[in-house]
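Labels run A, B and C following the written order; every chain starts at residue 1.
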Amino acid sequence: MMALQGKLLKIYVGESERYRDKPLYQYLIRWLKEKGISGATASRGIEGYGKDNILHTARLLELSSDLPIVLEVVDRNEKIEAILPEICRIVPKGLVFSTDVQIHKQGKD
Amino acid sequence: MMALQGKLLKIYVGESERYRDKPLYQYLIRWLKEKGISGATASRGIEGYGKDNILHTARLLELSSDLPIVLEVVDRNEKIEAILPEICRIVPKGLVFSTDVQIHKQGKD
Amino acid sequence: MMALQGKLLKIYVGESERYRDKPLYQYLIRWLKEKGISGATASRGIEGYGKDNILHTARLLELSSDLPIVLEVVDRNEKIEAILPEICRIVPKGLVFSTDVQIHKQGKD
(Lines give C-alpha, C1' and ligand atoms only; values in the text may rest on other atoms or scores of the structure.)
Protein backbone atom coordinates (compact mmCIF):
# COMPACT_ATOMS: atom_id res chain seq x y z
CA MET A 1 0.00 0.00 0.00
CA MET A 2 1.09 3.51 -0.80
CA ALA A 3 1.67 5.76 2.17
CA LEU A 4 2.48 9.44 2.42
CA GLN A 5 5.31 10.55 4.69
CA GLY A 6 4.00 12.96 7.31
CA LYS A 7 4.39 14.19 10.84
CA LEU A 8 2.26 13.89 13.93
CA LEU A 9 2.67 17.04 16.02
CA LYS A 10 1.60 16.89 19.65
CA ILE A 11 1.05 19.97 21.77
CA TYR A 12 0.32 19.85 25.52
CA VAL A 13 -1.20 22.90 27.19
CA GLY A 14 -3.28 23.63 30.29
CA GLU A 15 -7.04 23.98 29.90
CA SER A 16 -6.98 27.36 31.65
CA GLU A 17 -4.23 28.91 29.52
CA ARG A 18 -5.55 31.73 27.38
CA TYR A 19 -4.41 33.52 24.25
CA ARG A 20 -6.09 36.62 22.83
CA ASP A 21 -9.24 36.26 24.99
CA LYS A 22 -9.74 32.62 24.08
CA PRO A 23 -8.69 29.33 25.65
CA LEU A 24 -5.29 28.64 24.11
CA TYR A 25 -6.22 25.20 22.76
CA GLN A 26 -9.31 26.62 21.02
CA TYR A 27 -7.26 29.44 19.57
CA LEU A 28 -4.72 26.89 18.27
CA ILE A 29 -7.34 24.70 16.56
CA ARG A 30 -8.82 27.69 14.74
CA TRP A 31 -5.36 28.96 13.83
CA LEU A 32 -4.37 25.56 12.41
CA LYS A 33 -7.59 25.45 10.39
CA GLU A 34 -6.90 28.91 8.96
CA LYS A 35 -3.37 27.85 8.03
CA GLY A 36 -4.81 25.01 5.95
CA ILE A 37 -3.54 22.19 8.16
CA SER A 38 -5.64 19.16 7.23
CA GLY A 39 -6.80 18.13 10.70
CA ALA A 40 -6.44 18.63 14.45
CA THR A 41 -7.98 16.96 17.50
CA ALA A 42 -7.97 18.13 21.13
CA SER A 43 -8.45 15.72 24.06
CA ARG A 44 -8.68 16.37 27.77
CA GLY A 45 -6.52 14.36 30.14
CA ILE A 46 -7.63 13.32 33.63
CA GLU A 47 -4.34 13.93 35.41
CA GLY A 48 -0.86 15.14 34.62
CA TYR A 49 2.07 17.42 35.31
CA GLY A 50 4.56 19.33 33.19
CA LYS A 51 7.64 21.48 33.54
CA ASP A 52 6.10 23.46 36.42
CA ASN A 53 5.93 20.18 38.38
CA ILE A 54 2.38 20.89 39.59
CA LEU A 55 0.03 17.92 39.46
CA HIS A 56 -3.35 18.65 37.83
CA THR A 57 -6.08 16.12 38.47
CA ALA A 58 -9.77 15.51 37.79
CA ARG A 59 -10.45 13.69 41.06
CA LEU A 60 -13.30 14.69 43.31
CA LEU A 61 -11.63 16.37 46.24
CA GLU A 62 -8.93 18.04 44.23
CA LEU A 63 -11.02 19.65 41.51
CA SER A 64 -8.94 21.29 38.89
CA SER A 65 -9.89 23.78 36.26
CA ASP A 66 -6.55 23.28 34.60
CA LEU A 67 -6.55 19.75 33.24
CA PRO A 68 -4.04 18.84 30.55
CA ILE A 69 -5.18 19.32 26.95
CA VAL A 70 -3.45 17.31 24.24
CA LEU A 71 -3.62 18.49 20.65
CA GLU A 72 -2.80 16.11 17.81
CA VAL A 73 -2.06 17.56 14.40
CA VAL A 74 -1.19 15.51 11.32
CA ASP A 75 -0.06 16.67 7.91
CA ARG A 76 2.75 16.34 5.37
CA ASN A 77 6.26 17.12 6.61
CA GLU A 78 6.61 20.49 4.90
CA LYS A 79 3.28 21.77 6.24
CA ILE A 80 4.10 20.78 9.83
CA GLU A 81 7.62 22.25 9.56
CA ALA A 82 6.21 25.51 8.20
CA ILE A 83 4.00 26.11 11.25
CA LEU A 84 6.39 24.90 13.97
CA PRO A 85 8.16 28.20 14.75
CA GLU A 86 4.83 30.02 15.15
CA ILE A 87 3.37 27.17 17.26
CA CYS A 88 6.34 27.40 19.63
CA ARG A 89 5.79 31.14 19.93
CA ILE A 90 2.06 30.80 20.70
CA VAL A 91 2.67 28.01 23.25
CA PRO A 92 5.16 29.53 25.68
CA LYS A 93 4.81 27.03 28.52
CA GLY A 94 3.64 23.79 26.91
CA LEU A 95 5.37 20.76 25.47
CA VAL A 96 5.63 20.47 21.68
CA PHE A 97 7.03 17.42 19.91
CA SER A 98 6.70 15.64 16.58
CA THR A 99 7.26 12.19 15.18
CA ASP A 100 7.38 10.69 11.69
CA VAL A 101 4.27 8.88 10.52
CA GLN A 102 3.07 7.09 7.41
CA ILE A 103 -0.31 8.47 6.33
CA HIS A 104 -2.40 5.69 4.80
CA LYS A 105 -5.62 7.62 4.40
CA GLN A 106 -6.38 11.27 4.81
CA GLY A 107 -10.03 12.16 4.50
CA LYS A 108 -12.27 11.60 1.55
CA ASP A 109 -10.07 10.59 -1.37
CA MET B 1 16.17 -4.38 27.52
CA MET B 2 14.71 -6.40 24.71
CA ALA B 3 12.03 -4.69 22.67
CA LEU B 4 9.81 -5.95 19.89
CA GLN B 5 9.47 -3.86 16.72
CA GLY B 6 5.85 -2.92 16.17
CA LYS B 7 3.50 -0.32 14.82
CA LEU B 8 1.07 2.07 16.44
CA LEU B 9 -1.88 2.57 14.11
CA LYS B 10 -4.10 5.59 14.74
CA ILE B 11 -7.55 5.95 13.22
CA TYR B 12 -9.66 9.14 13.52
CA VAL B 13 -13.40 8.92 12.88
CA GLY B 14 -16.51 10.87 13.86
CA GLU B 15 -18.58 9.58 16.77
CA SER B 16 -21.73 9.63 14.64
CA GLU B 17 -20.29 7.65 11.70
CA ARG B 18 -21.95 4.26 11.38
CA TYR B 19 -21.05 0.97 9.73
CA ARG B 20 -23.42 -1.98 9.46
CA ASP B 21 -25.90 -0.59 12.03
CA LYS B 22 -23.21 0.13 14.61
CA PRO B 23 -21.13 3.17 15.47
CA LEU B 24 -18.08 2.82 13.23
CA TYR B 25 -15.57 2.98 16.08
CA GLN B 26 -17.37 0.20 17.96
CA TYR B 27 -17.51 -1.90 14.81
CA LEU B 28 -13.76 -1.36 14.31
CA ILE B 29 -12.84 -2.42 17.85
CA ARG B 30 -14.83 -5.66 17.55
CA TRP B 31 -13.41 -6.28 14.08
CA LEU B 32 -9.84 -5.80 15.34
CA LYS B 33 -10.53 -8.20 18.22
CA GLU B 34 -11.86 -10.84 15.83
CA LYS B 35 -8.78 -10.44 13.64
CA GLY B 36 -6.59 -11.30 16.63
CA ILE B 37 -5.02 -7.84 16.99
CA SER B 38 -3.62 -7.75 20.50
CA GLY B 39 -5.18 -4.51 21.71
CA ALA B 40 -7.14 -1.38 20.78
CA THR B 41 -8.28 1.69 22.70
CA ALA B 42 -10.81 4.34 21.70
CA SER B 43 -10.82 7.86 23.18
CA ARG B 44 -13.20 10.77 22.64
CA GLY B 45 -11.78 14.17 21.81
CA ILE B 46 -13.34 17.43 22.97
CA GLU B 47 -12.84 19.40 19.78
CA GLY B 48 -11.44 18.90 16.31
CA TYR B 49 -11.75 19.08 12.56
CA GLY B 50 -10.71 16.92 9.64
CA LYS B 51 -10.70 16.94 5.85
CA ASP B 52 -14.31 18.21 5.71
CA ASN B 53 -13.06 21.35 7.54
CA ILE B 54 -16.05 21.36 9.92
CA LEU B 55 -15.20 22.07 13.55
CA HIS B 56 -16.72 19.62 16.05
CA THR B 57 -16.75 20.73 19.66
CA ALA B 58 -18.01 19.61 23.08
CA ARG B 59 -18.69 23.12 24.40
CA LEU B 60 -21.99 24.05 25.96
CA LEU B 61 -23.68 26.20 23.37
CA GLU B 62 -22.38 24.28 20.40
CA LEU B 63 -23.35 20.76 21.43
CA SER B 64 -22.07 18.20 19.02
CA SER B 65 -23.04 14.60 18.61
CA ASP B 66 -20.10 14.07 16.33
CA LEU B 67 -17.02 14.48 18.46
CA PRO B 68 -13.74 13.06 17.18
CA ILE B 69 -12.95 9.48 18.19
CA VAL B 70 -9.32 8.36 18.18
CA LEU B 71 -8.50 4.66 17.98
CA GLU B 72 -5.06 3.42 18.94
CA VAL B 73 -4.02 -0.05 17.83
CA VAL B 74 -0.65 -1.64 18.58
CA ASP B 75 0.80 -4.90 17.31
CA ARG B 76 3.76 -6.38 15.46
CA ASN B 77 4.54 -4.92 12.03
CA GLU B 78 3.18 -7.82 9.99
CA LYS B 79 -0.12 -7.92 11.86
CA ILE B 80 -0.74 -4.17 11.39
CA GLU B 81 0.28 -4.33 7.72
CA ALA B 82 -2.08 -7.25 7.13
CA ILE B 83 -5.15 -5.33 8.31
CA LEU B 84 -4.33 -1.93 6.78
CA PRO B 85 -6.04 -2.34 3.38
CA GLU B 86 -9.27 -3.49 5.02
CA ILE B 87 -9.11 -0.69 7.64
CA CYS B 88 -8.80 1.91 4.86
CA ARG B 89 -11.83 0.38 3.16
CA ILE B 90 -13.97 0.43 6.33
CA VAL B 91 -12.94 4.02 7.17
CA PRO B 92 -13.81 5.98 4.04
CA LYS B 93 -13.64 9.50 5.49
CA GLY B 94 -11.27 9.28 8.44
CA LEU B 95 -7.54 9.74 8.89
CA VAL B 96 -5.38 6.61 9.21
CA PHE B 97 -1.67 6.71 9.97
CA SER B 98 0.98 4.53 11.58
CA THR B 99 4.35 4.97 13.22
CA ASP B 100 7.12 2.61 14.30
CA VAL B 101 7.27 1.74 17.99
CA GLN B 102 9.35 -0.43 20.28
CA ILE B 103 7.09 -2.68 22.34
CA HIS B 104 8.63 -3.22 25.78
CA LYS B 105 5.76 -5.10 27.35
CA GLN B 106 2.61 -6.52 25.86
CA GLY B 107 0.19 -7.97 28.35
CA LYS B 108 0.80 -10.75 30.80
CA ASP B 109 4.06 -12.41 29.81
CA MET C 1 14.63 24.92 14.18
CA MET C 2 16.62 23.08 16.82
CA ALA C 3 14.97 19.99 18.22
CA LEU C 4 15.99 17.66 21.02
CA GLN C 5 15.89 13.90 20.40
CA GLY C 6 13.56 12.24 22.89
CA LYS C 7 11.15 9.43 23.44
CA LEU C 8 7.41 9.26 23.91
CA LEU C 9 6.59 6.38 26.25
CA LYS C 10 3.01 5.13 26.28
CA ILE C 11 1.63 2.92 29.04
CA TYR C 12 -1.86 1.35 28.91
CA VAL C 13 -3.41 0.09 32.16
CA GLY C 14 -6.90 -0.56 33.49
CA GLU C 15 -8.53 2.10 35.64
CA SER C 16 -9.24 -0.43 38.38
CA GLU C 17 -5.68 -1.80 38.62
CA ARG C 18 -4.06 -0.92 41.92
CA TYR C 19 -0.51 -0.72 43.23
CA ARG C 20 0.38 -0.14 46.87
CA ASP C 21 -3.16 0.97 47.86
CA LYS C 22 -3.44 3.47 45.01
CA PRO C 23 -4.85 3.30 41.50
CA LEU C 24 -1.88 2.13 39.41
CA TYR C 25 -2.00 5.08 37.00
CA GLN C 26 -1.96 7.58 39.86
CA TYR C 27 0.94 5.72 41.48
CA LEU C 28 2.82 5.85 38.17
CA ILE C 29 2.34 9.59 37.68
CA ARG C 30 3.65 10.33 41.17
CA TRP C 31 6.52 7.89 40.72
CA LEU C 32 7.52 9.53 37.40
CA LYS C 33 7.40 12.95 39.06
CA GLU C 34 9.67 11.75 41.88
CA LYS C 35 12.11 10.31 39.35
CA GLY C 36 12.44 13.76 37.75
CA ILE C 37 10.72 12.87 34.47
CA SER C 38 9.71 16.19 32.94
CA GLY C 39 6.04 15.49 32.25
CA ALA C 40 3.28 12.88 32.17
CA THR C 41 -0.39 12.94 31.15
CA ALA C 42 -3.10 10.36 31.81
CA SER C 43 -6.25 10.08 29.67
CA ARG C 44 -9.27 7.83 30.00
CA GLY C 45 -10.47 5.88 26.99
CA ILE C 46 -14.13 5.12 26.29
CA GLU C 47 -13.67 1.57 25.06
CA GLY C 48 -10.90 -0.94 24.52
CA TYR C 49 -9.40 -4.35 25.03
CA GLY C 50 -5.94 -5.72 25.70
CA LYS C 51 -4.13 -9.03 26.02
CA ASP C 52 -6.89 -10.48 28.24
CA ASN C 53 -9.26 -10.00 25.28
CA ILE C 54 -12.02 -8.55 27.51
CA LEU C 55 -13.78 -5.53 26.06
CA HIS C 56 -14.11 -2.58 28.46
CA THR C 57 -16.63 0.07 27.51
CA ALA C 58 -18.20 3.26 28.84
CA ARG C 59 -21.62 2.73 27.27
CA LEU C 60 -24.76 2.97 29.29
CA LEU C 61 -25.95 -0.59 29.64
CA GLU C 62 -22.51 -2.07 29.98
CA LEU C 63 -21.07 0.20 32.65
CA SER C 64 -17.46 -0.50 33.34
CA SER C 65 -15.30 0.53 36.22
CA ASP C 66 -12.25 -0.59 34.35
CA LEU C 67 -11.89 1.74 31.40
CA PRO C 68 -8.52 1.94 29.67
CA ILE C 69 -6.11 4.57 30.96
CA VAL C 70 -3.38 5.81 28.62
CA LEU C 71 -0.27 7.45 30.09
CA GLU C 72 1.97 9.56 27.90
CA VAL C 73 5.47 10.35 29.13
CA VAL C 74 8.02 12.42 27.22
CA ASP C 75 11.65 13.06 28.02
CA ARG C 76 15.17 12.72 26.63
CA ASN C 77 16.22 9.23 25.49
CA GLU C 78 18.49 8.47 28.42
CA LYS C 79 15.86 9.44 31.00
CA ILE C 80 13.17 7.26 29.41
CA GLU C 81 15.59 4.33 29.03
CA ALA C 82 16.63 4.62 32.68
CA ILE C 83 13.08 4.15 33.97
CA LEU C 84 11.89 1.49 31.51
CA PRO C 85 12.89 -1.64 33.46
CA GLU C 86 11.18 -0.38 36.60
CA ILE C 87 8.06 0.69 34.62
CA CYS C 88 7.77 -2.82 33.15
CA ARG C 89 8.01 -4.27 36.66
CA ILE C 90 5.30 -1.96 38.08
CA VAL C 91 2.97 -2.60 35.11
CA PRO C 92 2.65 -6.39 35.00
CA LYS C 93 -0.36 -6.65 32.71
CA GLY C 94 -0.37 -3.50 30.61
CA LEU C 95 1.10 -2.52 27.29
CA VAL C 96 4.28 -0.41 27.27
CA PHE C 97 5.84 0.99 24.10
CA SER C 98 7.99 3.91 23.03
CA THR C 99 8.72 5.86 19.89
CA ASP C 100 11.33 8.43 18.87
CA VAL C 101 10.23 12.05 18.90
CA GLN C 102 11.75 15.45 18.22
CA ILE C 103 11.10 17.77 21.14
CA HIS C 104 10.63 21.34 19.87
CA LYS C 105 9.62 22.94 23.13
CA GLN C 106 9.64 21.61 26.66
CA GLY C 107 8.13 23.92 29.19
CA LYS C 108 9.22 27.43 30.05
CA ASP C 109 12.63 27.97 28.45
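Here is the rule we go by: a contact is a pair of C-beta atoms (placed from the backbone, for glycine too) under 8 Å apart; a residue touches a chain by one contact, two chains touch by 3 or more.
All values reported here derive from a predicted model rather than from experimental measurement.
The angle needed to superpose chain A on chain B by their Cα atoms is 120 degrees, rounded to the nearest 5. Comparing the contact residues of chain A and chain C by number shows a mostly separate set, under half of all numbers used being common to the two copies. Between chain A and chain C, the centres computed from C-alpha atoms are 18 Å apart. Counting partner chains per residue, chain A has residues 43-44, 99 touching two or more of them.
Taken together, the chain B residues at the contact with chain C in this complex read 1, 3, 6, 8, 25-26, 29-30, 33, 38-44, 69, 72, 74, 99-108. Residue ranges on chain A touching chain C, taken from their complex, read 10, 12, 43-53, 55, 68, 70, 84-85, 87-88, 91-99.
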